[in-house]
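Shown below is the structure under consideration.
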Amino acid sequence: MITLNHYLMLGGVLFVIGLFGALAKKNAIAVLMGIELMLNAVNINLAAFNRFLNPDKVVGLVFAIFVIVVAAVEVAVGLAIVINLYRQRLNTSVDEADWLKW
Amino acid sequence: MIRYAWLVPLFPALAFPVIAFITRRLRTLSALVGIGAIAASFVLSLGILWETLTSGVTMEKPVEYALSWLALPGAKDWVLKIEAGVLVDPLSAVMLLVVTLVALLVEIYSVGYMHGDPGFSVFFGYLSLFSASMLGLVLANNFFMMFFFWELVGLCSYLLIGFYFHKPEAARASLKAFVVNRVADFGFMLGFFYLFLMFKTFNFRELAEALPHAPHMGLLAVAATLIFAGPIGKSAQFPLHVWLPDAMEGPTPVSALIHAATMVAAGVYLLARAFVLFASIPEVSLLVAYVGGFTALFAATIALTQRDIKRILAYSTMSQLGYMIMAMGVGSMTAGMFHLTTHAIFKALLFLGAGSVIHALHEQDIFRMGGLAKDMKVTTATFVLGALALAGIPPLAGFWSKDEILLAAYSNGYTGLYILGTVVAFLTSFYMFRLIFVAFFGRRRAGLHGHESPKCMTVPLIILATLTVVAGFIGAPFVPHGFSSWVYFGEPHHLEPNYFVMVTSTLVAILGIYLAWLIYGKEVISAEALAQRWRSIHTVLYNKYYIDEAYLWFFRRVVLGLAEAFHWHDRHVVDGIFDGVGDTVRWSGYRLRYLHSGSLPVYALVFFAAVVVFVLWVATPVIGGIR
Amino acid sequence: MGSTLTLVAFWILFVLVVASALAVVLLRNIVHSALYLVLSFVGVAGIYILLEAEFLAAVQILVYVGAVSVLLIFGVMLTRRGNIRQSNLFNAFSLAAGVVSLALCVLIILALARTPASLPLGSWPVDTVGALAEAFLGPFVVPFEVAAILLLVGIVGAILIAREVKEDK
Amino acid sequence: MSFPLLTAILLAPVIGIILILFIPEREQLTIKITAAVATFISLVLSIYVYVAYDQAAGGLQFLEDRSWIPALGVNYSVGVDGISLPMVLLTALVIFTGVFASWDMTHRVKEFFLFLLMLVTGVFGVFISRDLFFFYLFFEVAVIPMYLLIGIWGSTRKEYAAMKLTLYLLVGSAFALIGIIALYLYAARQLGYLTFDIQTLATVQYDIAFQKFVFFLFLIGFGVLVPIWPLHLWSPDGHVAAPTAVSMLHAGVLMKLGAYGLIRVGVFFLPEGAKFWAPLIAVLCIVNVVYGAMIAMVQRDLKFVIGYSSVSHMGYVLLGIAALNTLSLSGAVTQMFAHGIMTALFFALVGNIYHKAHTREIARFGGLAHQMPRVAAGFLIGGLASLGLPGLHNFVAEFLIFLGAFTREQGLFGGLLTYRTLAILAILGIVITATYVLRVVQRTFFGPRKEAWDHLEDARGVEMVPIVVLCATLILFGLFPSLMGDLIYSGVAPLVAKIEAAGTVGGIF
């Protein structure tokens, strides 16, 4: 018997893997990939909650689609920033992007 | 006429703005406006005095009317009620006449004296403002209004002393006069605050009625003493006398009007107005008498050694004011006011005469004058007449009034003060005739030649000289229904002429004149030798007992020192604390900024670590704790 | 579809998604990571089908697999420099990141393990696409339009940021 | 509903701002004229309201009420009484003359007048608000433009002074905000509904401990603005740094916001709290008076002298508040008005001199009365007002305050000190004031003519507007104080009734 917890488990694990990727990687594009994984995990949860808890409305799916939209925009803008960064520093390492310093 | 008494100060009060804003460019017109206004007031004052004396208005039954000036009704009874009122009794009627008369003559005189001065119009404006304030002071029916005009009078004095503001000495003198008077007014104000505290009114008559029911005699004595501070300042009594000699930096007509005849007499007038208060506390009266007596002697001794013609007159004014105050203190308001009246006339005469000399010579040091009698006959004659009056030679005005004071002191049992007064009379005649013999007779020491002043200056001199001769008779002992039956406190009393007092004071005065003639006229006794002989005394007297220096030291070292200390404290301690708070914040910011390495992974890491901690904290109880 | 079959399908997809996600994170070649990312997205689409959200699955394939992945690969190409085999290294904080991630993972699993959730599958609209359409053009019409504007702004912003900076300026 | 006069007073500068926005920067004269017209409308309306106010009826008049955020109980409601009306008139007079005093401004004129009008909008708003929310809102509106005005157009360490002033005032207003919210919530619990209305809040009975605490918050919050010692240092620095018109508004009006807040919010709502803290205020205000005056005596910069004299004079206002009786509170309000006018006059004149001579160092001047007789006369009148000369309005104010404090029978420190002693010390302050004011007059304007200053021109044309208007105001109310005294009494009487109805509370000392 498949339950809500199965899906949440998948979402949770995927989220953590994505988080690790976002935190531990050096390449800014890899960081973006981690973030995409995290967003996917969230979408799984949204869809699952919708399916199990509130099946007569599709609000969860609506939200998931919004998240996808935002994710697409985020990737576009994020990559633009990465490219801009690359132009100025000739690498895409987030370690060296410390312009937020004092 | 009495119904229109409020117009008396109003005429000159209106003249001031007219001169200041409309006619300032037109000199003659300005003078005309000023003189016209004061002449109107003079005529009105004459009428008021006449009506007062003929229609049964007495000290007990004055005429009083008032408008509300400022009133706070309060919930139950009045919190404060200040009236702008007029109180006409013989005392104020006489005073009105004196003030308007002297002011009128001085303004006429000023047309000649100030001729050609760039501030000619402004001068008449100030004089008008002064006259208005002084007349307002005289007519005031309560302490508040009196204080109001008292201060305005002080302002005019400030403006007029500093009239030649380009002279640093004049600027300094005006400042000094104002500040010294402020110190005195501080006491005055406190004094009538205490009265208000006890009686809830400022009105003279209401106070007089309530006085016997005073809740606390000690407090009343404090109030009276504090009020006396006002006269000490305004009438230049020791120890707040220092401003008067310096005030001579002003134009001479100003000295005549303000610093001899009228304003300095305001203190005496205040004592007369509030006489009931002082009379009810003998201890304070005694203080008044001794302050007055001491100042009379003190100022006379300083006058012995001065060389500046106006300063000698200034010290003589101080000394005579001391007489008046002493008269108030020994319980004879009549004598004090009588002397005020006559003194106003002959001192104005003396100052205007001195002004005439200065106008001719542009010189104030008497030892650079000499032989003026040949050049300036009218001036010399009138001046000598004034000096004789001041010295107390019968039958001139000064004799009668001074005599009455000495008599009051003598008959009221103040023998010490009587002797002191007699000594002062001797000193007075000596220093006055020292001035006359040095300046008007004898050789021309500096070769300066004078010339007689124009008519508009000599005519006032002649009028005043005439009055000097006749004015004494209004209060002479043998005249029935004279001064003492108009202005009195308690019962109208009539002192019997006491020939012992009369003869002694006359002899003493003649002795003074003779001595002055010996030293300075015939020069049989060398003045230099005398000065050498009593060198230390001479130095102390010449330097006015070093009181100015002491005040200056106090101001420079103590007051300014304290001020500097406060300033340092403000800038370094108080500001230091608050700036210190700011600096601490800034410093900690500089240190804490290293926490922000700027590295994005670190930020994200910290962020999620915080999420973990937060989730642990919140979720642990929800999921059932750690099992 | 039988429940056992669903369960089997779920576990297969689970392994696929997690394994490829781990590959994305752990591999040292950024191109490989990107390819595994595609695989992972496809797996997630399968999960959506299991959840009977077919439209979402389609969107997932279209947007993630079709657009986002391609964008990412373009990004890799545009910023390629040095050895491609060493293009996706860990940074200096990987250990701390691992600890934090692991802690969060343990926390999530603990929370799930202790949550009794035996909710049955309820009724589900047959026509999810129609339901979604009604939701988007009904109560969510304003956010829908805002999302459209967001996309536009995002595109313009991306162009603006990535534009070549003229040197003479 | 009749014509919304008070809103019109408030909106006249706002309309001025909008019009100026559309005028190009280079048309400086048009900008100045627009500002002058806008403030003139405010002035005329203020005078009309002043005259039309029914003194016999008293209380709040010219009421307007509009719901704004009903959920929070916020209403746009305005009205004036005998305390706020003189302040409205004061503001209108000072800003009107202030515009003329900055007629010579050439640097970024447009922004200057924009901020100036914005500032004055805030000040008007504070004085006419009957709603605490708007009261606070306008209060903040008044503070922020000040920062820019001093920071951009100032002189002498302007950035430092602007920062200092803003920080002090914002910290103060934060305290006041806490107090206002505390009042609001406490009243909401008592009343059962939310309201910011001042009249309603005043009917609530606050318990003693609450009153003591909240009054302390107000004492700091509004005290900074007064300024009470030792929180006064922003004011001399700020005055010195600010451009002329801002100094005028700043010393003339902004400082009164503090005293007004202390009376309107502090004493009116929390009479027991006021009684508790009054002794502290009384002691501190004497420090203000004497300490401020002494420091003014040794200043070398004309503006610093006036800055410290403001500290000293506002001490009298505090003394009036501390003594808490009819006389003293009437005096305090009178002094707020009179000091505002007087100090605005001073700053206008000093600004005039500074603009022409490019220095304010007293020692470098001397004999300026030769070149600038009108300025000298104005300065002398201001100085005489400052030292409390009868015939000028300040005398009435100081007299009432002194008499009020003097007649208050209460001991402090177990009878060691009384209000009477403090009043005596305060009166001593006017002696010190006389000394420093006249010393400045003597050293600046008197003395021999100095050739170096022969190029200075006397005030004329529009420069005369501030001098004439402000001097005339001082003299008018000085000679006929009941023109304002009756009005102020109608405002103070309910306040005193409330204080007297309040329970007896021992003072802090």
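For clarity, chains are labelled A, B, C and D in written order, and residue numbers in each chain start from 1.
Here, contacts are C-beta pairs under 8 Å (C-beta built on N, C-alpha and C of every residue); 3 or more make two chains touch, one makes a residue touch a chain.
Keep in mind it's a predicted model, so treat the numbers as computed, not measured.
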Any chain in contact with chain B as well as chain D: none
Pair joined by more contacting C-beta pairs (B-C or A-C): A-C
Separation of mean Cα positions, chain C and chain B [Å, integer]: 98
Geometric centre distance via CA averages, chain D-chain C, whole Å: 63
Chain centre separation (chain A, chain C; CA means) in Å: 6
Cα-centroid distance, chain A relative to chain D, in whole angstrom: 58
In chain B, residues with contacts to at least two other chains: 601, 605, 608
For chain D, residues contacting two or more additional chains: none
Multi-chain contact sites of chain C, meaning residues that touch two or more partners: 91-93, 96-97, 100-101, 104, 115
Complex contacts: residues of chain B adjacent to chain A: 593-594, 596-601, 603-605, 608
Of chain B, residues touching chain C in the complex: 601-602, 605, 608-609, 611-612, 615-616, 619, 623-624
Residues on chain C engaged by chain A in the complex (per definition of touch): 3, 6-7, 10, 14, 17-18, 21-22, 24-25, 30, 33-34, 37, 40-41, 44, 47-48, 50-53, 55-56, 59-60, 63-64, 67-68, 71-72, 74-76, 78-79, 81, 87-94, 96-98, 100-102, 104-105, 108-109, 112, 115, 117-119, 121-125, 128, 131-132, 135-136, 140, 143, 147, 150-151, 153-155, 157-162, 164-165
Residues of chain A defined as touching chain B within the complex: 19, 22-24, 94-95, 97-102
In the complex, chain B residues that touch chain D: 68-75, 79-80, 147-149, 151-152, 155, 158, 162, 165-168, 170-172, 174-175, 178-179, 182-183, 186, 189-190, 193, 196-197, 559-560, 562-564, 566-567, 570, 574-575, 577-578, 582
